[in-house]
Structure formats: structure tokens, C-alpha cells
Amino acid sequence: MDYSITKFLWTLLGLFIVTNWGMLMSSTIRRIGARVSGRIGIPWYQPWVDLTKLYSLKSQVSHGTMFYLGPVFRLMGGVGLFLFLPMIFGSWHWSNYSFSGDLVLILYFQLFGMLGMALGAGEGGHPYSTIGVSRGLAQFTTIEVPMTLAVISIAIQYHTLSISQIVAAQQGGFFTWTVWTNPFATGAAMLSLLGAFGHSPFNLIQAPNEIPIGPPTEYHGVFLGFLRTNNAILHVAEAALFMNLFFGGATNWIELIVKTFLIYFWSVFVGMVFPRFRIEQSVRWFLKIPTLLGILAIVIFL
Amino acid sequence: MDIKKIFQINNDRSSYPEIGEDGKPIIDLSSHKYVKIWQGPQHPGVTGNMALELTLSGDEIVESKTHVGYLHRGFEKLMERRKFIQCFPTCVRLCVAEPDPNEYLLATCVEELSGIEVPETAQWLRMLVLEMSRLQVLLRGVPGQAGTFALGLGYQWGSYIRDLILDRFEELTGGRVYHMYILPGGVRGLLPDGFKKRLEENLKLADEFVKNINDLMFNNIVFKKRAKGLGYIPKDYIDRYGVYGPAARAAGVMRDIRKTHPYLKYAELDFEPYTTTESDVYARSVVRWHDLKMTIDLIRQIMAKMPEKGEIKAPTPNVMHWRIPKGETYVKCESSRGEYGMYMVTDGSDTPRRVNLKGPSYTHANALLEKLLINANIADTAGIMVSLATCPPEIER
Amino acid sequence: MQQIIQDIESRFTITDKETRRNDLCFLTVDKLQAISLVTYLRDYQGYASLTLLTAVDWIEEGNFQLTYLLNNPSTRTEIGVRTMIDRENATMESTHHLWENIQTYQRELKEMFGIDFPGSPRIDEDFILEGWDNIPPYRRDFDTKKYSEETYFPRPGRETNDPSTYMKSKLYPND
Amino acid sequence: MEKENKPQDIPVVKTKNFIAPENEKRTVTAPDGSLIEVDPINDYFCQERPEEYKVKSGAVEKFLNWARAESLWVLGFGTGCGSIEIPPLVTPRFDMYRYGVQMRPTPRQSNVFIISGYLSVKTLKRAIRSYEQMPSPKYVIGLGSCTINGGMYWDSYNTINRLDHYLPVDVYIAGCMPRPEALLAGFAKLKELIKAGKAEKANEYIRNLDWYKANQKKIIKDWNMPDYNW
């Protein structure tokens, strides 16, 4: 790995691009959702305005040190996921700090932010936060099952834990993508992705008309700004991870933008027409078909 | 060792928590087994401005109390110091979502106590307005049930058509939400030119919406999973708890004032309210969907059968000096939520002695909701509440 | 309907009856007989559904009138059972054992009229008002306008006129 | 109403404790078995008074004001009948998202409080709590004539007549009930005020806190919360 200042600056630039693309993506998706229901929707620049406003609020109330640290941990989860993820295949500038075992680390980073957030939200003392946290952790544990199975299956398939090498193995044409060579793992992972993005029917963590609005109930101002920034990074990074693992990676930014958008759109597409599961229904759902698909994917490649 | 017993999950929570000697559940908040949370009044999942005080064990509700009174304006007191004609602008604000039954009930009370006959054209017009008002409520209410389970799409589509119906109201009465169209003795005006044609255009959109909502909600596997078996109302609750309207019809009991006590010209219309026996949230939702279909059909029938021109208002005394002889009466009509009645006592003066509004929400949201929420999941509170069609302003008035 | 009223008259002392429509009539009975009449109607005549329970303040006579309005779903008729109770220390027997929903009505009456129903569940809890320390507001001797003006800072500039005299002066200024 | 004016001949119907049961003083058992005295009102709530915020000027502040104006987050709390006209605002016909106005379910994340219509005394208490929990800068829109002078309910014993005696109001929208277009116009007016840096009523509330609190406590008889709800 390269620890030079230049590399660091390039990574920061990458982070900047990814944050902005994440915000543009979320506003675009919200505009699409609005069109489905017959509205015009927010202006495309709305996320930036919201973020500026959140950072400029005059009064902020804290509930203790952990309350501060919750959003920081959450942001670190997103940034960490980004740091160890090669964004553009074959590019020194945009490969960030990916190394040979990064797949395992990334699985860990997915959960890291969640745990930090749980600690911070619990400190807020709001009962809805606590309910949201317990729901979130229960659901995320089950999301991880098919996800991990799919990742193990891919690791067996390509004999590596390095994302760059997995992407490299998929180069050479449309039909060398994992989605064709290992459809079961892709299926399991894409279904668990629905839960990871937290759209309907798996948005029970922040369910506004049940537990408004779950863990971030007490967060406002800068804290909420952190969470929103993290959402933008995390959505792109997670979509990029799936792009790398299953859809052949990206060789330039345009390809990345198109592919991450389509992957993110998949979860919104499903979420638009489905109500929300209850927590036990959601847990059962993840432990049924997605897990079976994941096991099948491993069995095939053993 | 019995292996079966290890894997057996005890789903029967009906006797949880333990019931004490005084018949109340033993809930010790400091034992850390229970959490007390308030849903509302500031809560997006609660219909209107009311509060539920829930005691939870995990995700499950073990005790629930309804708190109302956040919208209390003292209508019944205010009407006691207003002349009969002054009561009308006040009265429409009793239930905000569906104002026309309020006007109709007050007008009918006054007419009955002072012996005024309403002309036939006015009766048809009243019926048209009542059905349109029911339509605009159901256009939001039916998809609103899915909205409580986070499927807001149907609500958006329905609201658009509701806005068109409100435009027709505006054309007819001048008001978008509050109409004050029905006055004692009749109505305020005839239909404007071309009104029927424009309404028919909107009804065509509503027809399409009815089809879409069927695909979106009732064929939706997640909605079925959430709503089926939820909030079951046994048949013997109907009389004990006071269940009316769609909720009673979903339990297999025919409760529709339009059919059982035909008022206005409903006897001349051809309709059959839908009943089913599942009695859960899904069944109630289906019943209201059929109501929506029936209402569209009824509006078409009314428009076809009503006379074009005619007397629309019977002569009334000078409204400023209108004294109604001593008497009392109870009139009722069918609102979108169920039986909606008004009890009026007069004492020979120019103001009512006592007016009491009886809405279905009064029993639905208090005794019945408190009972249904026991052992329900906290995620389902909004669903159960909306399926009972609660309208808080009519509870506390 | 007539048959049922005759049947009731043979069992209870009806002091007054008023037939409003052919599906609605009001019967007045003594306070002591009211509960047994209501129970009789519910158990033996099929008036199983309680439509409403409310009170009327007849301050001139020093009475509260309680009205139990019962509905018979099979014959589709309604009977209102009226009974007069004393305005001072107004109490009435609770009927929460007959219907589950009546406790809400009784809580409201306790709060709004000050009529006590001893034994009714949650009767002493707040129902609609919160921290009210005046006369129960639905009583006739409570002046809501005066209370509002004293309490809630009326915005200056509002004129209150008696509608009939005001309209007369506007429409016929010469009279 | 003062104690002296209270009619003595009427029996007081209610006798009760005005502290909610969860806020009563009590002893709880700590995990290690020791007993701890808890007085929730004093222990769990912050009793500190709020501070006034300095109104800044300059280009940066102008930009921030623009951002605050273009991103109005409305608290989803329908306090009166006006709340029937708020749902149409998020649906196709009126769609307030176009103007950067969004609904938020919790007071911590909202900036705009729409008092939609009349406020009963019971709701006023909750409205004050919600308002004080909102982070500053915050704005109040009084919707409907009920908030201006009582409107239809000017003589009611349970609804307040003038909202500005209890909460600072930035924009009033007249009418009963105001149409959704009127609400959109109200938002436009509020944006204008914010961009000009004039929507500083929240500071006025803090400056005159004692006056507001005296008014509030005059009608909220069971005041069982701290003076300022952080």
C-alpha cells in the first residue's frame, strides 16, 4: 500500500466526489419517487441546502459524550467503507487504500457505524431511539447472514479476499460478471442489499409512523448533518461494493455513476410499492430465501 | 428430555402480564420489564391530535390508554349560547374531515323539532352532497390504511382525486373544506351548469383509482401479511363496545343506516353494502374499498334520478327570532365511519338547550381501541387505529 | 313499538312518554327504576346496543336529566330512557357492567356536568379537560364567554352584538 | 382565573395530584442493590435558562440565512382543524417539496411549527414543549383566524384567543380555514423574512421569557414540567 501525501489527497478528492454524487443520487431518487406519486419533488440541490442549514443551526442540545460520538462513529463507518474500497478498477488514483484482505474489513465496517450509532442513540434517552436500535440491530444481524454467505461464496469462487482481484477476474466482457457466473450469491446479496439500504419493506428502523424516527430521533443540527453526510457516502460506497463484487466493477467514473445509481435504484424500485414489514417478519424473511440462496451458492462452489 | 419442548415457541401471550386480584394487570414499571411510551399527540402515526399511553413489554403492548381532549372546544356549550342559524357555521367544524353529515344532522334536528318538510329537490341535493363528502373521505381513507404500513403511494394518488372532488364542492358551495350547504328547510342552491358533466369526469378518474388501489393494496403480499389477522373484533363486541359502520360490517353485522333506517331518498336507490366476516384490519379495509366503489355508483344513480329544477328550500320563520317548542329528538345518518347521530333538546327559547353529537369514534377510539391494542405489536398501533376510522375532533367536540 | 311500551308500562312506572317518530320514543322513569328498566330493555327486549348516554341541565328545576338511548338492531327502533336526578350532589348508579363503552360516557359526564358514577372504571381520571378547577363547564350556570374573556386575553377590537337587534338596526334603520 | 374569583359555594369536583406518576419522587433500586432517591423533575430535566443568540450580519450569514429559508422543516403536529389542509400540501396538487418545505416527525429536527388552528389548553402545553425542544433558529406560523383572535371559538372556555401571548408568531395566515395556497403564500412570506434576517421571534421569546411563562402558567393549571424544556 501507498502511504504518500499525494495518495491521501487523491483519496480525499475521491471522498468529496462520492459525497456529492451520493447527495445528487438521493435527490434524484426522491424526485423519481415524487414523479411516481404525481408530484414534482424537491429541487435537485435540496440535499446541499439541507446540509448547510443543519450545520448552521444556532442551538444544539447534547445528551452526553456518547451522544456526540454516535454520529461520528456512524460517519467513520461510511468513510471507512469508502477508504478500503477500490472505486475505479485499474486506477492508482481512485483505488483508495484497498489491499489484499479488504473484503473482510469492509464487512466489519458495515456493522461498525451501526454499533456506534446504537450507543449514541441509546444515550439520547428517548424510548423510540431504544426501540429503533433494538429493531435495527436485530434486522442487521439477519441481513449480514445472506450477505456473508454470498461473500464467502465469491471468495471460494475467485480464491481471493481482495476486491481488486475479484474485479480483475470479472474483466473481459459482460458475461464474465459474477451475476452470470455465480447467480445464487448475487441473488442472496441483492436481497440483503434491500435491507442494508433501509427502504421499504425493510425501513422499520426509522419507521416514521411507528417510532418517529427511530435511532436519530434526538439528533439535530450538526449531529444530523453528520448522519446525512454519512448516508450519502454509505449509499454510494455500498453500491460500489456490490458493483465491484457482482457487476464487473467500473473502469471510469461514468460507469461507476451509472452502475451505483442502478444498484441503488433497485432498492427504491422495490420499496416504492411495498409496505413495511414488522421486525419479526423481516427477520424471518431474511433467514428464508436469501439465506437459502447463500447456502446454495456456497454448496455449488465447494 | 423432550426435544419438542425446546423448539416450541409459546405464542400464546393472552395471559401476559399476570392479572392481579382486582382484575387489572400487574405492571411494575420499576422492574425494568416494561417501558411506558406515549404515542401522540405529536406523533405522525396517530390520526389527528390524540394520544395513546402504551405500556410495552418488548415490542408488545400490555396496557393501553387513550387520552383525548386535545381538540376540545366545547361545541355543545357554545351552541347553547348561539341561535339556531348561528349554530350552522359552528357545527360543520365538529368533524373536520367530513363536515357535511354535521350540517345534515343539525338541520334535520331543527326541522324535526319545528315540523318543517324538506322539498324533494333539496333532499336529492342533500344526498348528493353527503355522498360526495363520503367519497372525498374514502379517497384518502382507503389508501390511508396502507399509509400506516408505510405504503404512501395510494394516498398520494387518492389525494389528487380528492382535490378534484373538493373543486366540485367549491363550485357548488363556495367552500373547499367547510361547505355550510345544508340549511334548515333545504339547501343553499341548485347545481351550477355543467356540474354533472364535470363531476362525471372526476368519477371516471376515481373508477380508475379504485382499480389501481386494488392492485396496489389488496393484491400486495406484504400488505396482506401485515393486515390479515390484525385487530380482530369478535362478533359479540359489536353491541358491548359499540362498533359501527365498516368495522361492524367487516364482522358480518349489517350496520348501515342508509339501508337499515333509510333517510332522505336512500330507499329509492339500488345499493347493497358489502359485508364480510373476517373482521380484521384487512377485512375492514376491503369493506371500505367496497364502500368507495358503492359511493361512486350511488353518486351516479343520484345524478341520474334527481330532478333538475324545483323548490330547494321550505319557508322557515325569521331565523333571528326562531323559537322551537320544547322537545327532544335523536337523528342519525351514515358517515364514512359509521352511525353518526345528534341528540337535541329544545326548551322553547331561541337557542338549543342541549346538543350532543354521537360519533362512532367516541366508542371506537376509547373502549374498543384500548381493548384491541392489548397484545398487539407497537408497529401495528397506527394500522389498528386507522382501520377503526378514528376522527378525534368528534370524540371530544 | 307500541307493544313494547305497553309491556314496559305494565312493569315500570312511566311518568312521561313522548313518541317522536315511529322508531324513536322517550320514556321518563324514576331514578330508582332507571337502571332496572335499562337492564330489562337490554336483556329481554333486545335493546342491546347503547347509542348514547348524556345529560341535560334543567337548572330552573334543579335537576339533571340523564338520557340512556338504546337501540334495537333487529327491530330497528330506539328507546330513550330519561330520568331526573338531583342537581345537588348529583350521583347515579354506574352501568359499566352492562356495556364496556359506557364508562367513557360516564367519565365525560363526571367531568363536564359533575355527575358522579361511583365504581365506574377510571372515573376520577381526566378525560377531556386537564387541571380544571372551576364549575364543570357544561352546567348552565357556567358562563363560557365571561370565563374566556377573563382568561384568554381577547384581542381588542371585537364587537359583540345581539344578532337580532343588530340585524334589525342594519336592515330597518328607520323603525 | 385567580384563586379569589373562584366561586366558593360550588363543591370542587376534583381533588388530585398534578404530578404525573412517572415524575413523582421515588426510590429505585440500582443494579448493585443500593437504593437511590430520584426526583425526576429536578434530576432528569435541565433547568437552565436559554440564552439569546446574537443576530449576525455579513455575507456568510446572508448565505446561511438563504439556506435556512430554502430548507424549512415543518414539525408534523396537527394541533387543530387546520391540520386537515396540511396533508394536501405533500400531495400532487400543492406539493410543497418544490419549495424546500418538508415534514419532519420529531421536534428536534424541525424549524417551523405550524399552529394549525385553535389551541386548546391541553394542546398548548404540548405545543410549548414541542416548540422549546426545537433547535434555534425556529419559526412559528399561526394558521387560521383562531390563532389570531379566537376565530369561531372566541368565547370558548378551552381554547386560547391570542397565540402571540403564549408563543412568538412570525407569520399569521388568516382565514377559516386557510386554503393550501394560503399556506404556500405563508411559507413564501416566511422565507422572505428569514432571508432579510427579520425572523428573529425566537430571540424575542427568550428575551421576554418571564412574560410568556407567566401567561402560560396562568392557564396551564397542572404545570408539571421544567420552566424551559430543553
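So that you can tell them apart, the chains are marked A, B, C and D in the order they are listed, and the count of residues begins at 1 in each.
By definition in this document, a residue touches a chain if its C-beta (ideal position, glycine included) is under 8 Å from a C-beta of that chain, and two chains touch if they have at least 3 such contacts.
This one's a predicted model, so the numbers in the text were calculated from it and none came from an experiment.
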item: Pair with more cross-chain C-beta pairs in contact, given C-D and B-C; value: B-C
item: Distance from the mean Cα position of chain D to that of chain A, given in whole angstrom; value: 37
item: Chain centre separation (chain B, chain C; CA means) in Å; value: 23
item: Centroid distance [mean C-alpha coordinates] between chain B and chain A, Å; value: 43
item: Multi-partner residues of chain B (at least 2 other chains); value: 36, 43-44, 69, 72, 74, 77-78, 81, 156, 160
item: Multi-chain contact sites of chain C, meaning residues that touch two or more partners; value: 128-130, 137, 142, 144-145
item: Junction residues of chain D - those touching two or more other chains; value: 76, 91-92, 105, 122, 155-159
item: Chains grouped in pairs wherever the two touch, ordered by label; value: A-B, A-D, B-C, B-D, C-D
item: Contacting residues of chain D [partner chain B, same complex]; value: 22, 26, 28-29, 75-81, 83-85, 87-88, 91-93, 103, 105, 107, 118, 120, 122-123, 126, 130, 152-153, 155-159, 176-177, 179
item: Chain D residues touching chain A - in the complex, by the definition given at the top; value: 50, 53, 63-64, 67-68, 70-71, 76, 91-92, 95, 97-98, 100, 102, 105-106, 108-109, 111, 135-137, 230
item: Touching residues on chain B, where the partner in the complex is chain C; value: 68-69, 72, 74, 76-78, 80-81, 83, 86, 112, 238-242, 253, 255, 260-261, 320-321, 327-330, 339, 341, 343, 345, 353-354, 356, 358, 362-363, 366-368, 371, 396
item: Residue numbers on chain B that touch chain A, as the complex places them; value: 35-37, 43-45, 56, 59, 146-153, 156-157, 160, 216, 220, 222-223, 225-226, 377-382
item: Touch list for chain A against partner chain D, complex; value: 34, 37-43, 46, 49-50, 52-53, 56-61, 208-209, 212-213, 216-221, 224
